[in-house]
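Both complexes below contain chain A, partnered by chain B and then by chain C.
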Partner chain A sequence: MGTAPASRDVTSYGMGLAAPLALFFLVFFVAPLLQLLWLSLHNDTAALHWGFGQYLHFLTDPFSLGVLGSTLLLGAEVTAVCLVLGFPIAWLYQRVGPRLQTIIILIVLLPLLTSVVVRTFAWIVILGRQGIINATLQSLGIIDTPLKLLYTQFGVVIALAQVQMPLMTLPLITALGRIDPNLDDASCSLGAGSWRTFFRVVLPLSLPGVIAGCTLTYAAAITAFITQSLIGGGQMLFMPMYLYQQASTLQNWPFASAISIIFLLAVLAVVSVFTTLGRMSRGYGGA
Partner chain B sequence: MAETQGGRSLVVDAVTHRYPSGALAVENINLDIKGGEIIALLGPSGCGKTTLLRIIAGFIAQSQGRIIIGDDIVDALPPNRRAVGIVFQNYALFPHLSISENVGYGLAARGVDKATRQREAQRLLELVQLPTMSERLPRQLSGGQQQRVALARALAIKPSILLLDEPFAALDKNLRLDMQIEVKRLQRVSGITTLIVTHDQEEALSMADRVAVLSHGKLEQFGSPSDVYDRPQTLFVNTFVGASNRMPGVVVSADRTAAKVRLDAGAEIIARPAGGALTEGGRVTVCIRPEHLQFVGDETGFAGVVGMSLPLGATVVHEVTTADGSGVKVSQARIGETRALESGAAVRLAPLAPSLANAFPATL
Partner chain C sequence: MSGRKRTLEAISFEFVMTVIAIIALIIIIAPSLVVLIVSFTSGFSLRFPPPGYSLRWYAELWDAWQLHFAAKNSLIVALWATGLSVVLGVAAALAISRSRTLSARLLDSLFMSPLVLPALAFGLAALMLFSLVGLPVSPLTLVIGHAVVCVPYVVRNTVAALAQLEPTLLESSAVLGASRLYTFRRIVLPLIRPGIIAGAFIAFMSSFDNVPVSLFLRDAATDMLPIRMWQDLEGKLDVTIAALSSVLIIATVAMVAVMERVTGLSRRLTN
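Right, the complex of A and B next:
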């Protein structure tokens, strides 16, 4: 009897199997990130002089801070719209028959099955000066001059909300599906109306799904380069485009790197707020 | 907050419910339940007993008929305004709320302030003998404890009717008996009219003042446990409640109180016409419980051959094959040294008394 096989812990195999992916991440994610950090710590475009000049520049420049602020705000708005519109769909999904469930899940997934570029162009057709909305409103005589929908914050939020909706709805559907339907009946039989049942039972128990959905939607919305740029146009500048301009057009790689790092930290901060909320919600109870 | 409403009556008046597909879930159910009674709705799964419970609670609107609680017809009231307490089979405690908050949930919905809620929750937790559990979460409690909390939560709203849906099915046998005693004690203390849905006949017979036996959506019999067990009105009740031997035969002569039946197994016995009048020459099914058959030494009764004897502690059950090839079970009390019967021994069997054999018209 050999001694080695007996002493071998079966759980140790897991690490070895994860090695290829770990290596992949190391080479194509961690290394570039470190390079980015290194680059951002130079004061000149040629990356010869060390210093925090790029960060100082960003953090004292009202324009740059404005772009960061409007990007984070955009994420919050899109997340809010997705949550408010997505929750009823997820709720409905859990209360209809299997055939309707299939239809709902198809509608929810459909945006994922078409290219982001195609979806975004569809929104240009809908929101444009001669687009579907303006043409309809004008032909009905409700407005005389076309509304400005494209190239506005409103347009970007609406388009992004539609594009990112599955990221909110899918976790919500999962979370709501885990709730015992008897809890609804129990709440009702104890005298609670529908709204009390929703706010005291359904919403608290679906919080893990809400947090997951919000995190995914938020992260996707603020980094959605294509939709932001096409619907926002030249007048609306968000972090991904700002970053792209600095790197590609102006060839200011150290500043672009600093923007990336700051953006990354800002996103991490927001995501960790969500995660903390999620952890707190496990002890949710209140009075 | 109204004072205790325990003891309100419940009338189920000609309630019929059809599924959207058109199939009948329950058909023309009539129950007249006095205030403070414990009633068991007994039947196999799929008999419509849970549907009936959900109709009474207001979760399902019946197709026809009325539900009357006390003096009020409650058909128009949604479940949250019927003041009907329910204990669910899986307890359905709110997993994110503490035990105290679970019990106080119904009071919060009625706008009772927090201090009163906590005081009342504590009082009820003491009533169900869990005074120290108020700050725990449901998942930290055992099954039996969760059930006590579910009871306390249902009682907190001072319901006019208490509905228990298969309340003991998830508990192991010893705990089940404890909880049955506990529920009966609480019911006696509170005097609340209680309806227990169950498929367990022992549970129904031991806990309920009256038992309603349902089969295929129809009410088969509604009576005291001894009525249901000793004077079953239908063949279904006779065979579903307790064990019973079914012996086919032909009516020789019959009046209202007694019928002479020639069993296919080969004897003429006197039986009670249990399911209404019998006609001479008609086919009947005679039900005799295993404990109501005895071995006889003379030539009365019918002949059989012993197949197997099973000593079950206090009783011995013998399996006997009769002349027509059907099997009957005979249960003998084990008094002193009950002699074991050899397999293959020829015996003769007869009912203990004519009133203990029930004859029902045979259905094809």
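Right, the complex of A and C next:
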């Protein structure tokens, strides 16, 4: 440890440089979350009586459990759609020239940096009664009355899938780029067809990217409450809006805190399941 | 790929994959194009295709002082939050990037955790803490809240840039007698600058677009642009929002183009 100046490691910096941000996070991130936990363990809004009342209320209330269930289901549906649509994009990316690659990346990247409200607004225009889909179907004579697309589960899933697509596609592009192209050729020359090669070689080897993409997409989809509330409308309630209503409109902070903690735990559970799968898949890919 | 036999089976696979990829790319890009086209409508509704074209909604937007006010607030908060994130985040990235210790890895996880935790839960938590210590919500609490959720982008991009840095460069510089500060200013900083700029850019965009944290931490006088737009959309479908959305889309495209030049943004996000 720092015996002489010459022996000091000049390629790294002291941990002290992390202190300001660590302190900032301690005060403004960790402390608030601890306070959230503390408040959720009180039975009354004045926070005088300790207890698990808020959690019991949530876990025995069919309505609350329904909101949690539909939120987790929504995340799964969005993630599945993103995977099915995002994987071919990443696949195509590996087969085109550098110029097209840049174009594909920028198309994928753009929504990530465009305002979520703007992107959601676009889906209102597309899915609305006078929107593109209804106008096209009507002009083709396929339907007489406009379909109800806005304020439906289908609408929420497709809009969220578009909004979160970059989070799935970018890790997939990275993962597919790391696969040795010779493996693909080897599999084909050994007699496996393209479909078989894809499902038996390419897909398993890209699992780390699939899992990274799924984690990001899932976490983003279930917390994306702007898209959920604007496309879902008042009829569909998901966890973020439920939390906001309890906290803001009803001023029931202890219950809102309990909802937050349950929601946090749900997100953490999903992330750690995916992370574990990721670790296992890396072992598989390296074998 | 060249030696592969062009069997029907191979063609069917490539056809299906290419078609899905093209459909997916259209789904990604179409909504922005639709908004751009609808914003030039001469009518009063968001009908597509528009009955005629005009610039009337851009003229409306020019006079929409509530939106101007909200945009100004969002811009100021985003600039301060980005500045704070860069100062704190770059320093922390320098400390944790080359360290293999447990504390460095724990700090890394801590600094990244706002990315996966629901921002709305953090917003509520921060509001409760501020009210507990008697700090009223204000532009200051907004900047603090935004900085927490924006710092991960700066840390991640700076750490990635530092990982690319050749340690031998620093050793050579030290051997030649340069002080650590001099080496940092003349060698490290120029080499990691694109990474810092890319991180700062993403942090800025995510702060400018933030709703969940702003919902809890703003005061009644501080209207923020995405919240204003969200509330307008909940009430009525105003075409002015389409014009504003188009302006934001064009601004984003322009900034991404500049960032691509300056920092090679697309390579950064796929490596």
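Quick notes
In this section, the second predicted complex is superposed on the first by the 269 of 287 C-alpha atoms of A that agree within 3 Å, B and C clash if a C-alpha of one lies under 4 Å from a C-alpha of the other, contacts with A are read in each partner's own complex, and residues count from 1 in each chain.
By our rule, contacts are C-beta pairs under 8 Å (C-beta built on N, C-alpha and C of every residue); 3 or more make two chains touch, one makes a residue touch a chain.
Owing to the predicted nature of the structure, the values given are computational and were not obtained by experimental measurement.
Once chain A of one complex is fitted onto chain A of the other, the partner contacts of A:F255 are absent, as it touches neither chain B nor chain C. By the touch criterion stated above, A:Y151 is placed in contact with neither chain B nor chain C. When the shared chain is aligned, chain C comes close enough to touch A:M165, but chain B does not. Set against each other, chain B and chain C touch different numbers of residues in chain A, with C touching more. Once the two complexes are laid over each other on the shared chain, residue contacts for A:S189 go to chain B and to chain C alike. Of the two partner chains, neither chain B nor chain C is touched by A:F238.
Residue contacts after overlaying the shared chain place A:F274 against neither chain B nor chain C. Contact with neither chain B nor chain C is seen for A:F58 once the two complexes are overlaid on the shared chain.
Shared contact residues of chain A with chain B and chain C: 185, 188-189, 193.
Residue ranges on chain A touching chain B, taken from their complex, read 180, 182-183, 185-193, 196, 200-201, 204-205, 284-285, 287. Of all residues in chain C, only 1, 3-4, 7, 9-10, 12-14, 17-18, 20-25, 27-32, 34-35, 38, 45-49, 87-89, 91-92, 94-99, 101, 103-104, 107, 110-111, 113-114, 116-122, 124-126, 128-129, 132, 144-145, 147-148, 151, 155, 167, 170-171, 173-174, 180, 183, 202, 205, 208-209, 211-212, 215-216, 226, 229-230, 233-234, 237, 241-242, 245, 248-249, 252-253, 255-256, 260, 265-266, 269-271 touch chain A in the complex they form. Residues of chain B touching chain A in their complex: 57, 59, 78-86, 88, 90, 92-98, 101, 105-106, 108-110, 114, 153-154, 156-157.
By the touch criterion given at the top, residues 10-18, 20-22, 24-25, 28-33, 35-36, 39, 84-86, 88-89, 91-92, 95, 102, 104-111, 113-126, 128, 130-132, 135, 158, 161-162, 165, 170, 173-174, 177, 181, 184-185, 188-189, 193-195, 198, 215, 219, 222-223, 225-226, 229-230, 239-240, 243-244, 247-248, 253, 256-257, 260-261, 263-264, 267-268, 271 of chain A touch chain C in their complex.
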